[in-house]
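Same chain, two partners: chain A is paired with chain B first, then with chain C.
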Partner chain A sequence: MTKENTIVPKVFYTQSDGIERVVEAEAGDSVMQTAVRNGVPGILGQCGGSLSCATCHVFLDERHADDFPPVGEDEDDMLDVAATDREDNSRLSCQLVLAPGQEVHVTIPETQL
Partner chain B sequence: MTTTPGTEYPFAPVPPAEAVEHLGRIIADRPMTKMTMPYGGDVWLVHRNAAAREILSDRRFVREPFRTGERVVPFFVPFPDFLRGTLQFEDPPQHTKLRKLVQKAISPKRVREMRDSAVAFANELIDGMIGRGGVRDLVPEYSLALPIEMLSNLLGVPSSDREKFERWSSSTLAVAGKTEAEVAADMAELAAYMTGLIAERREEPRDDLLSALAHARDRDETLTDAEILPIAFILIVGGFDNTATFLSTGVLALLSNDEERARFAADPDGLAATAAEEVLRHGGFATGRPAGGGGGLVPFVATEDVVVDGQLIAKGEAVSIDPSAAGHDPAVVTEPARFDIGRPDNPHLTLSHGLHHCLGAPLARMELQVGLAELFKRVPGLRLAGEPVFSRDVLTQPMTSLPVTW
Partner chain C sequence: MSTGHLLVVGAGQAGAQVVSSVRELGWDGSITLVGQEPHAPYSRPPLSKAVLRGETTPESLVLRSTAFYRDQHVDLVLDERVTRLELSGEGAGTAVAASGRSWLFDRLVLATGAEPRRLDLEGADLDGVVVLRDLADAEVLARRLDVADLVVVGGGFIGLEVAATAAAAGVRVTVVEAGPSLMGRVVSPVTAELVRAAHQDAGVRVLTGVRPLRFRGERGSVTAVELADGTRLPAGLVLVGVGARPRDDLARGAGLHCDGGVVVDAFSRASDGHTLAVGDCADLPDPTPGSDRRLRLESVDNAVEQAKAAATTLVGDPRPYTGVPWFWSDQGSLKIQIAGLAHPGDEVVLRPGERPGRFTALRYRGDRLTAAECVNAPADFMVVRKALAQGREVSRDAAAIIGVPLKRLVA
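On to the complex of A and B.
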């Protein structure tokens, strides 16, 4: 195992009011799961990651645009019906699965409901 | 199996503070309890919040044996047959297909667009109550009228048909008080009516849910009437009584807690979102009415042996979430016995979680927020004028009367 594989991923969550919180994650968890497990407000993830609630919407920092698989068809459909209007960098955070050592910056929209 | 004294489950109703303590002792003692239901036999009732979430996210727990009739649903009343044909008893991949189609039509965005009309209609209802004056019954005049209007609009039921639509709909949940033949006749009328409406919307689509479903395409498939009808039914079941009871319970809880009522009346819009979640978690307890333990959400069946939080759930066993305990689990809720309408994080499971979390959750939450906020804005001096009445005749055991004045 290389050194990088032993480093925990980190997620930097910025709330809509600008306050940032850094959370150490587990590789293989999604940005949504990491938020829910650590009590990060503003990410609900009601459907547990089955792409049927649109309550884990985030804006993914542009620098990570190529770090994850592109938006899938089902994710695309649900982003259209999120409570906060989607933007070019909108993602459902349940689809952002973290690799060892990965650092990700996301901004949480004003509302999920 | 011996039970540690003070951790018996089920347990008979006791004052709410005692019930919360009792649930806390059970949670400290074990993650779940096997209990024999009046119908359908044994089921594991899961008390701990984390264990409950784990089960709700695990696809090895399914509902197929209930849908096919191979197993009787373990529940406190006979589970109505027609509900076994609905979305909540489907598993992936059929569930995934239907759920996505419906969720798009009842999405956070759609519900946000409905909010202004909910505010306007709530105020119409309040105008009516103020105009009539004296002692008003909040349930029919407000708590039930609001969700019926919202759901009828969402489905696309014309206002001229609302009265019969409501009458048939109330039969869907009847477990007593009506004969089987009466219930069957009402259900058949409702089904025939909805089928007719679906046909109309196939011809001439409008901006409503039935039109969206009638014209929905999932890759190359379209939905048949046999698929759409149960979706309409499940929305009626959840969207009428359950939403109304949450709203009535919220009002009663606030009227039973002077400090929280004053706090809410001072900032209804600011507190509506957190207050709604706290009502879902703890509203029933906050009304001061005795609370017992024993029963849960619609169960699942384990498709293989699964160990959750140290407890083996054997292949073929049924398992259900105990939302009262999960919402009062000290591991995730600080001061669980306290009614705090500003509680920032509220991990209750009243609307479930995961694949089968409440389909109408965005709508129910919005109606609860709007219903509470508008009422206390307009009538801050609202007070009780009698005792609430609950019906045991229908599956959801709704509050049917709440006399208020001001």
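On to the complex of A and C.
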């Protein structure tokens, strides 16, 4: 195992009011799961990641745009009509699965419902 | 008052949300969350899908991390079943568990959930006649799913989710629904028929309008289900999915008004004005704006949103629970999403999708949109959930014209 594989991923969550919180994640968990499990407000993830609720909308920092698989069809459809208007860097954070050592910066929209 | 000891009985989705939200809102007293299962609060929806497919581990289902409870100073007590409450007025009291352990509290939240209804039929206690509610049930079901024939009694969400999962794994599956159509309590007959056809295409046999009469077995294990019309279905395993009963015994024993659930107001307050009840165990005013009926809601959305609203009551800044209820059910290739609560008589405007297997059934009461039943149509679901939440209309006449995307019709 390389050194990088032993490093925990980190997610930097910025609330819509600018307050940032850094959470140490587990590799294989999504940005949504990491937020919910650690009580980061503003990411609801009610459906648990089955792409059914679109309550885990985030704005993914552009520097990470290529670090994740592209937006899927259902994700695309749901983001189009998300509670907070979609932007170019909108993602459903249940689709952002973290690799060992990965650092990700996301901003949480004002509302999810 | 946002100090003192808060006791939350029931460590499911609603209980976990109460402790999270109340801390977020500044409750600075101590908090104890007591659950009867040996697991920290976890997500139940995957139990009928990913868990049965062996795609997920119990650890991956947890709703909050161990660090969360530690950092938020929540004392999580597992494997303890509270069996008795003594309320001393003003919301304080004592809770006693079956083990004899007890907790004094200043405020109490009941999040005791619901338990699966069982059938009072001959043979219902045979080995292999099972229910699905918690992780232990799912582990039993997953282990036994290598049978040739599964009979699912009850054509609701859980029964159909398991039917689809099992059929995809190569099991011969028959669904037996006593009512005239599948998911009769939640969707229109139009949607039910289209969903039925999809299940049949996937190899599931669906029987409606017929009841099971008895379960037959050999050497204590189930081998067949006999139906009221004389049909005999071979069955190595039977899942009974015929709804759930709210766990309100604890509240009733403490003298709180219960009527098929702990009766609460829009602030989640029970009849003593202090004790709160949230989630599946509560009988509550419909949170839909403008509705004046009462109901129980068994859904993740309700568990989470009612719990959040209840937290505002706890910290002395009570906000009524309002919102548009929504549900989802993943059944094999069908992603079913429902926004809003239709009444049984609400009319249907069917909008076929641009591809087979996708459609949306809009429900109207007069000219007013009340709900949408979306199958493999997540964009429509989002549009309607948002429109209903914002009190915006989707013209019935315009909606009947197929080909114009729903999102362009929101007024």
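Quick notes on this structure:
In the analysis below, the second predicted complex is superposed on the first by the 113 of 113 C-alpha atoms of A that agree within 3 Å, B and C clash if a C-alpha of one lies under 4 Å from a C-alpha of the other, contacts with A are read in each partner's own complex, and residues count from 1 in each chain.
Quick note on the criterion: a contact is a pair of C-beta atoms (placed from the backbone, for glycine too) under 8 Å apart; a residue touches a chain by one contact, two chains touch by 3 or more.
Remember, predicted model here, so these are calculated numbers, not experimental data.
Of the two partner chains placed around the shared chain by superposition, chain C is the only one that A:N38 touches, whereas chain B remains out of contact. Look at A:A83: by the touch rule set out above, it reaches both chain B and chain C. In the superposition on chain A, contact is made by A:Q112 with chain B only, not with chain C. In the superposition on chain A, A:C94 contacts neither chain B nor chain C. Of the two partner chains placed by superposition, chain B and chain C are both touched by A:C53. Common to the chain B and chain C interfaces on chain A are residues 39, 41, 46-48, 50-54, 74, 77-78, 80-83, 113.
Across the interface of their complex, chain A is touched by residues 20, 23-24, 43, 45-46, 49, 60, 62-65, 67-68, 72, 300-301, 304, 323, 326, 328, 330, 335, 337, 378-379, 381-383, 385-386, 389, 407 of chain C.
The touching residues of chain B, when paired with chain A in their complex, are 53, 56-57, 96, 99-100, 103-104, 107-112, 273, 344-345, 351, 353-355, 357, 361-362, 365-366.
Chain A contributes residues 39, 41, 46-55, 74, 77-78, 80-83, 112-113 to its touches with chain B in the complex. Taken together, the chain A residues at the contact with chain C in this complex read 29, 36-39, 41, 44, 46-48, 50-54, 74, 77-78, 80-83, 113.
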